[in-house]
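Dropping a structure here in structure tokens format, bear with me for questions.
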């Protein structure tokens, strides 16, 4: 089988992942799209490994590392998602815009509204 | 030949699943689509002389990562879905353009590359795929391998920091809980007993079937309110049979130990 | 039955790395087994001593002689530039950690919702997340490994080891929790996105060269023909990943948000350590792996450098938040440093440019930690006073503090008698020698625009009347005071006698990167 076909499939998967990251607003879906991108890279690496006269399995080793690192990354990412969800009751990226541009008000406790704003939402279960 | 057929089937399946991932509105569907992509890639690895990676892919990705995704999805609400209202005008369009442009760029790039025929891994795999991978990991890439442990420790520590709550006071015992229930009963009249179980006296014992009270009416308390669909259907059905005077709902006020 | 020959690991050369990672692991064990009230008292000496020990080992290595070939089976390149970068990062990390352990910048219970009873209780009991020390150590270990990596695999691992703890640390601010968590989320998502690009670039370069070794990629440049598309796409994607980490222009969006939301000591660590590490890695990829291709990539790098300088300098003007302003200033400085990256040429020219970049990184890192240390001291009821209007008239109420801040800003602007002047001078001089005169002109104009803004802040502090309910300046603890003192001293000394450090950078850069 020609090496270009798997490479093109990998490129397609990667591009779909790019679209997903840019278009979706549910944080978990964005994270899934990133995983899709990493999977596409893995496919590419395995393909190149078959194609190249590689003595040391460089591509497969790299794939192995990517799988491990992606797992760690997902662990951290989902922990952050949960922390945000617990405070905001939402994982919508659109709602994460307190850090947009500096608010113009300069009231002494400019921080307080941000902290109390969410607690008015549905209480934690 | 078999390899080629497998490849084309899985290529179509994985790309279709990937499209499903980014386009489906329900987050759970997306997660399942991601599972399909991962599984098809695992088979593709197996076809391409990488049996160990195929196993790892299934164990780590489909086993651990997917479960983590689903777990968090369930935690934040399984019905979470994107609204279709665009807050950034044209976001989808530009994202589509970016993805498409990227794909075209890559495709053009690959089109220009002169690929020699694959050499295959038969020679390297002669000693076995796993031993030769192990040799690479424990010699050339041993330092990266060791450093990865720092990464895993970080991940574990991070999850602990963000999600673990230390119990600041002793856990309420069954005795305390019971006492509290009766105090509540004394004050507000809340039902101190346990709620009726689902499915009792009904035709099914499924978890979403409400229990029937001795008079044949339905106890709404017996079903978790998130699963109440069947209760409503049954209520409508019953309300035809029963007299209007009879209230179909048990008149027990919902206690604290609601399901 | 085939046997594996045991790999040769040069433990002494890798000792600084191993000490930092080892101390991180010990820190985790402290978390697991030590009683709560003892943890802090154990973490502080452990962390600081390990960093000091690693620094001492770097010096020992420098005196013993710089290794001429990569260590750890060719994974880590401990060469002159690496040793200089290690020394810089360790000093920066040491003073950032002084800042980090000094006040309770971190949340008492990260899993509790702000304002909940649970958090109240954690506050009353005086809980602290002492996990930040091992996390910071892991991040520092990653920073040390990132610029030293000799192949793309370990570079990717190092990138993640460096980034993951930082994602977490960003979300742990005690005050303004939501902003902090938001910054962690944004940093994480964008970071993961960019590392996917880095990885795809790695995969394509692997396909091109048949290896992920930087040196082998470099040799493949002359050997392979007909696969240029793989090479160019791969290099471009790799560049995206790296430019994201340094916050260069089209990929700078995360920087202001993350710098603002993160706890200020963590911001200081990121603004100094991460920038140094990422520049080290960028130089290694662009000069070692694809250095022969400089005709192809330098026009793009020109554009990126110009855009970065312009965006950083101009957007800084519109900011009303002190931390965002410093973030944009950091973007502009990344642009100035990129001017040095473009100044590639023959070996002598490379050594000059490299020395200039190394010196610039060191002085900028120190000054920016000093500036962020001062930001931690100006407080309002709700925490640090970020809004610029709150800083009005600070010079009249606490002239010493405002004077020091003004001094750091002048160093950012590159006024003579500050270290920033020699940093900029060295980089621009190297760029002129490398034939990038137009770029230097843009750089000088951008510096002037940025200087305008720094001066505006200084005017605001000294010539405006203070608000009646203005922020209070907390009495600094010994940690913060020594950080500010050290940073100010270093900025003055390097501004008057830069020669010793310049010489050191030159001798470090003289050997260039090993291959």
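Just so it is clear, A, B and C label the chains in written order, and each chain counts residues from 1 on its own.
The definition used in the following text is that a residue touches a chain if its C-beta (ideal position, glycine included) is under 8 Å from a C-beta of that chain, and two chains touch if they have at least 3 such contacts.
Given the structure is predicted, the values throughout are model-derived calculations rather than measurements.
Relative to the centroid of every protein C-alpha atom shown, the closest chain centre, again from C-alpha atoms, is found for A. Taking A-B and A-C together, the chain pair joined by more C-beta contacts is A-B. Chain B and chain C have Cα centroids separated by 37 Å. Annotation: 16 Å between the Cα-based centres of chain A and chain B.
The geometric centre of chain A is 23 Å away from that of chain C, both derived from CA atoms.
For chain A, the set of residues that touch two or more other chains comprises 7, 14, 17, 31, 51-54, 58, 61, 65, 69, 72-73, 76, 79-81, 83.
Within chain C, contacts with two or more other chains are made by residues 110-111, 153, 157, 160, 164, 167-168, 171.
Across the assembly, chain B contributes 106, 110, 113, 135, 140-141, 144, 148, 151, 154-155, 158, 161-163 as residues in contact with two or more other chains. Of all residues in chain A, only 7, 14, 17, 21, 27, 30-31, 34, 37-38, 40-41, 44-45, 48, 51-54, 58-59, 61-62, 65-66, 69, 72-73, 76-77, 79-81, 83-84, 86-88, 93, 96, 98-99, 101-102, 104, 106, 108-112, 114-119, 124 touch chain C in the complex they form. Chain contact summary for the complex, chain C toward chain B: residues 2, 4-7, 9, 14, 21, 24-25, 28, 31, 72-76, 109-112, 118, 121-122, 125, 127, 129, 131, 134-135, 138, 141-142, 145, 153-154, 157-158, 160-161, 164-165, 167-168, 171-172, 226-230, 232-233. Interface residues of chain C, counted against chain A in their complex, comprise 110-111, 113-116, 153, 156-157, 160, 164, 167-168, 171, 175-179, 181-186, 188-189, 192-193, 196, 199-200, 202-204, 206-207, 210-212, 256-257, 260-261, 319-321, 324, 380-383, 386-387, 389-390, 469. By the touch rule above, chain B contacts chain C in their complex via residues 105-106, 108-114, 127, 131, 134-135, 138-144, 147-148, 150-151, 153-155, 157-158, 160-166, 168.
Interface residues of chain B facing chain A in the complex, by the touch rule stated above, are 3-4, 7, 11, 14-15, 18-19, 21-22, 27, 30-31, 34, 37-38, 41, 44-45, 48-50, 52-53, 56-57, 60-61, 64-65, 68-69, 72-73, 75-76, 80-82, 87, 91-92, 94-96, 98-100, 102-103, 106-107, 110, 113, 115-121, 124, 132-133, 135-137, 140-141, 144, 148, 151-152, 154-156, 158-159, 161-163.
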